[in-house]
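Take a look at these structures.
Heads up, the next two complexes both have subunit A, just with different partners, subunit B and then subunit C.
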Partner chain A sequence: MEKVTITLNGQQIETTTDKTVLQTALDNGIHIPHYCYHPGLSIAGNCRMCLVEIEGIPKLQISCNTFCRDGMVVHSTNDRVRKAVRQVLEFLLINHPLDCPVCDQAGECWLQIYYMTVGQYDSRFTGNKVIKHKKATPIGKWVMLDQERCITCSRCVRFTREISKTNEMVIFNRGDHCEINTYPGRELENRYSANIMDICPVGALTCRDFRFKCRVWYLESADSICPSCARGCNIVIHHNPHRPHKRNGARVMRLKPRYNPEVNKWWLCDDGRYNYRFIDQGRLRHCSVLSPTGREQLYLDEGLRRLAELLRQTPPRQTLLLLSAHSSNEEAFAARRLFDQSLGCLCKLPDEGVFTGDQDDFLIREDKHPNTNGVLRIFGWQTSDLLPMADLLDFVAQKNIKVLLVNRHELSADILGQLDQLECRLVYLGTNVTPAAEAAYLAVPLATFAEKEGTFTNCDGRVQKFSPAFLALGDAAPEWEIYSRLAQHLGLEQAFPSAAEVFEQLRTGNPFFQKLEFHEIGAFGELGAP
Partner chain B sequence: MHKKVTNELNFWHRIYVPEVIRGIWITSVHFFTNLGIHILHVFGMAKKHKGMVTFQYPEDPRPPAIRLRARHRLMKRANGTTRCVACMMCETICPAHCIYIVAEEDPDPRIEKRPKVFDINLGLCVVCGYCVEACPEDAIRMDTYIVETSSYSRDGMIITLEDLMNHDNQDMYPRH
Partner chain C sequence: MTEKILSRRFDLKDSHTLKVYEENGGYIALRKALKEMSPAQILDEVKRSNLRGRGGAGFPAGMKWSFLPKDTDKPVYLCVNADESEPGTFKDRFIMERDPHLLIEGIIITCYTIRSSQAFIYIRGEYLSQARLLEQAIQDAYAAKYLGKNILGSGFDLDLILYIGAGAYICGEETAMLESLEGKKGYPRLKPPFPAVIGLYNCPTIINNVETIANVPAIVERGGDWYAGLGPPKNGGTRLFAVSGHVKRPGCYEHPLGYPLKKLLYEDAGGILDDLPLKAVVPGGSSVPVLKADEIDINLDFDSVQAAGSMLGSAAIIVMHERTCMVKATERIINFYKEESCGQCSPCREGTGWLLKIIQRILRGEGVMEDIDLLYDVSEGILGNTICPLGDAVAMPVMSYVTKFRDEFEYFIAHKKSKIETMVS
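Here is the complex of A and B:
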């Protein structure tokens, strides 16, 4: 590898010999049309869309497989290249069914995009289109295959060979009878299968979950972090803000991976991708209190006033807060400030779902919480300080706990019954309606990750920021806001105006977060102090 | 040049009677001219002058213009299913957001997609005809010539897929 300078469209660009012309162009903001090239996969060079003219070479070359040499002079926009690219696109579209009205890819399809930028020809093809035998068929749990729309770029085949290493997909036949499919008798069965419909540049592989749900031009997006495991994959929340009341309140339409070279590259596991329904379904919207006549709905401030009353009446050492590793760094810090430092309550992080999950050597981690690392660092704990969920009742009985605040944890009917016998008041703070929320003396609604701003610390100690996609439902609010208002009811001076303000206070006292600035944490996150 | 419109009355307006007389004069000129034209028509004269007519609206409505945009309908295929493939072009372009479509899988694998819900809120519709222009399948048309729409409730103004398909799929140009 050595440093060289090439001339691309008259522009001097410094690059290295291990980079191809296409990579160099893309890195410098020059877009050369391409289908089969994907930065995360090996180079195939079969779509022929990335043709460029290189001075000294008589024929046009594919830029995705031509490595840079010193003094190379490349043209990607002159008439000869444009004409060639247009003809390649014409060939790719010869057998295309043009069923954009029923295709879910329409709007984010690279055939449409390149037709508008480099195509724009009238069809000259007078023969009959080769009709593939079937319309869309499911090839796995999440992926739908439509042979007719395929341009055989082989990205999906390379993905199953190189990334998921499961080898389900292959190209059958030759010439215009070419078609992709899974091997006979096999299904697309791997935990990263849905990525192949992300990398599919056309509508051949589409999502079964997203099928006909929403046209992509209705979607708005917000950068976020996947909350389904400790890896903290970067995602984009695609949500539809138009008329949610017509869709039973469904706002989130899908989650898509977002490029982060340090964490998840371009990929996302299926478990994380399809774990979004809890954001819109079965939400806890209002404070409620258990009264003799059933559950009574309260305004948030009235609920927090009653909670403050309860906390005042109980000795602090008989109050236990069960923290959640689904809380952001800011929320965990606000909880520590109020419950641990101001009030002197007991705080514990249960080990529920921290060690029991499955993991692989790629993205999926056994800890199914996004922020275990952050909560442990904020409280200065080790993993050995976690409270085993099985010992919860013993702990409650032993310390004579009278008020148990539970943050988002599922409690079994058995535990709920025994807590009743121990005369322990249960206060549930959570995002969704669960048996614990229905049995609790007081239930307080919290915002989900899609409705708040904050940071998660992933398993490698990378602090990553997520932004809200939409407003919280009902009275739900981020924990730091709930705790601020609770502190006011308790007569304490603790008010956080924003997540950034909480983070500012967090970093002054914690060496791990000291070097980080909330507003300067970029799209790829930043590592905390080692 | 536009004459500046003002509400201020000058002396001529303030004395009132001349303006009233002017108004009666304008009305009378129209009335007697029209009367004269109709009398001449009786004798087969002045055929190129058209006299004004009063339409007896609910009993005897005026024939609609051929290009009139009226209530929508969804065209049908030969087998009676809707031509609509729920591509949502009309929903997207609708400036009044009066169209609401939910798509579902069509049992026919060659068609793939069809509307499960197709609601048009006629209370919101501005009858602009963009939906007809946007439709790639010629599925939605506004040629039913139904212009009377009324309801006792807001919900009654919403027409559904069934209402939109409730026609015999013929051309609906007025015959007159």
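Here is the complex of A and C:
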């Protein structure tokens, strides 16, 4: 690898010899049309859209497979290149159904995009299009195949070969009757399967979950972090704020991976991708209290006033807070400040779902929480300090716990019954209505990750920021806001006004977070101190 | 009568046997190569011979061999391309049927030169009887210690494997052949990297045509200068010209490069069938531009044919007399390449199908005048923009037929029938 300078469309660009012309152009904000090229996959060179003219070489070259040399003069927009690219696009479209209005890819289809940017020709094709066999056929749990929309760029084939290493996809036949499909008798069955419809540049592979739920131009997006395991894959939340009358007001339409070279590259596992329904469904929206006539809904401040009363009545060492590793760093810090340091309550992080999950050697981690690492570091704990969930009742009995605050954890009917017998009052803080929330003396609604700002610390110690896609439902709020209000009711001078300010408090006392500035944590996150 | 190099044993009884081969000068060059010459000396002779690839591209063989990395710790492979599938071409078949040991001797010398101890012959699936002959010849060569360990006591080892393809034209493209040899679908690879650097199983690989390799023993035996002297400058040696179509004596004729096309047609091949006027000649297999009757006063070497606007290619001469409908001939060519397109890259996959739809529309009498230019434009869109030369192989002939015989296309569209009334097929 050596540093070289190439000239692209008259512009001098510094690059290196291990980079292709296409990669160099993309890195410098110059878009050369392409379909088969994907930075995460091997080079296929089959779409021929990225043709460029290189001075001194008679034939046009594909920029995806042309490595930069010093002094190379490249043209990607001159008449000769434009004509060739337009011709390639016309080839790709002659057998492609021209029924964009009924295609779910419309709006994010690279055939449409390139037709508008480099095509704009009048079609000269008057024959019958090639008929293919599978139209809107599921090929796996999440992916729908439409062979006629396929431009056989082979991205999906290369993904299952090179990334998931499961080899389900292949191109059958040859010539213009070739078609992608899974091998006979096989389904697309890998835990990263939905990535192939992300990388499909056209409508051949679409998402069975998302199809026809929402036109993509109604979507807005927010950068976030997947909360489904300790990897902390970077995602975007695609949500639809414009059509609340659709789908019972569901806001989140889909999650998509967001590029982070240090964490998930371009990919996201299916488990994480489709774990979003809890954001809109079965939410705990308001505080409620158990009364003789059933559950009684309370204003948030009334609920917190009652919680403060309860905490005041109970000796702190007989109050236990079960923390959650779904809490952000800021939330965990606020919990420690208020419950551990100010009130002197017991705080424990249960081991539930930390060691028991499945994992692989790619993205999926056994710990199904996004922030176990952060909570442990904030409390200064090791994994050996985790409270085994099986020991919870013994712990409650032994320490004579009278108030148990549970943050998001699910408690079995058996545990709920036994807590009653031990005369331990349950306070549930959580995002969704669960048996524990319904059995609790007090239930307090929390915001989901999609409704708040904050940071998670992933399994590798990378602190990553997520931003709210939309407002929290009902009275739900981030924990630091809840604890801030609770502190007021307790007459404490403690305030957690925003995620940024809580983070500032956190980093001053914690060497791991010390060097990080909330507003300077970039799109790829930052590693804490080693 | 010029001297024959490749075909001199073709007419002997049992010429395919080891016995006849040895009795008629066989394996003498191998002994000379192994005992008297170093690989570098042989490479030098081959370079001086101006032997150019007989598969179609005409790339100098010695130069190709010298592209191998000098200090590699990987094995070097030789792959002999016997996937002779270009319509009109049947020269390699003659060698494999009538003198298989000539090919085997050439392979052994070549492998000794490029320091390879593993060679493959990739033969097309349709050449079943030829494959059987070749397999027998290989076994005989093993039995006679020309193949295997310590060949002729020289310490040089070589194994030769005959691999039978499934009959796809595209597998004659050298990198598709490598994929097929590796057990994969025959998709041409991107170049660079070239096979000499990263080839079969990611190892340095030399790929040569059967006829190219069959020339090597003579070059070793009689020297590169002698071989080069047979043809015009930069066009060493002789070629097997496979003449087919409307001639009285179709067949495989060996002549030095630079042999006049007219002489080949009217003397060797006995003139045009039924003594009808000549219409067109394809000089190098169906994938090269066609020559009109008034353009055939040329010599058959790589450079002269190129100067005439076509290519010598595989030296398959296809002759068409005046009762050939050029619209139908074009359809025939497009149909073949459409069927054989591997479908990997867009211009060829979609373009060949589109061309076929246009030409079939014209043949059904449903064509419009714009279709003629469209045939040309679509071909132009394919030309030079594909991964492998198959795209060019359909684009070049179609562009030439449409340009040179435009009147026949116009007539067909206007009258909904061929201009040729008593047509032959």
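The rule is simple: the second predicted complex is superposed on the first by the 527 of 530 C-alpha atoms of A that agree within 3 Å, B and C clash if a C-alpha of one lies under 4 Å from a C-alpha of the other, contacts with A are read in each partner's own complex, and residues count from 1 in each chain.
In this text, a contact is a pair of C-beta atoms (placed from the backbone, for glycine too) under 8 Å apart; a residue touches a chain by one contact, two chains touch by 3 or more.
Only a predicted model underlies this, so the values are computations on that prediction, with no experimental measurement involved.
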Quiz item: Taking the superposition as given, does A:Arg215 touch the first partner, subunit B, the second, subunit C, both, or neither?
Solution: first
Quiz item: subunit B or subunit C: which reaches more residues on subunit A?
Solution: C
Practice problem: Considering only the touch criterion stated at the top, classify A:Phe91 as touching first (subunit B), second (subunit C), both, or neither. | Solution: second
Quiz item: Touching A:Arg174 in the superposition: subunit B (first), subunit C (second), both, neither?
Solution: second
Quiz item: Taking the superposition as given, does A:Asn65 touch the first partner, subunit B, the second, subunit C, both, or neither?
Solution: second
Quiz item: In the superposed arrangement, which partner chain does A:Ala136 touch: subunit B (first), subunit C (second), both, or neither?
Solution: first
Quiz item: If you stack the two complexes on chain A, which partner ends up touching A:Phe125: first (subunit B), second (subunit C), both, or neither?
Solution: second
Quiz item: Who does A:Arg277 touch here: subunit B (first), subunit C (second), both, or neither?
Solution: neither
Practice problem: Could you pull out which subunit B residues touch subunit A in their complex? | Solution: 85-89, 92, 97, 100, 103-105, 109-113, 136-137
Quiz item: So in the complex, which bits of subunit A are touching subunit B?
Solution: 99-102, 106, 134-136, 211-212, 215, 217-218, 242-243, 246
Quiz item: If you look only at subunit A, which of its residues touch subunit C in the complex?
Solution: 43-49, 51, 59-60, 62, 65, 84, 87-88, 90-92, 94-95, 124-125, 127-128, 130, 151-152, 171, 173-178
Exercise. In the complex, go through subunit C and note every residue touching subunit A.
Key: 168, 170, 185, 190, 192, 338-347, 349-354, 357-358, 361, 374, 377, 380-381, 384-387
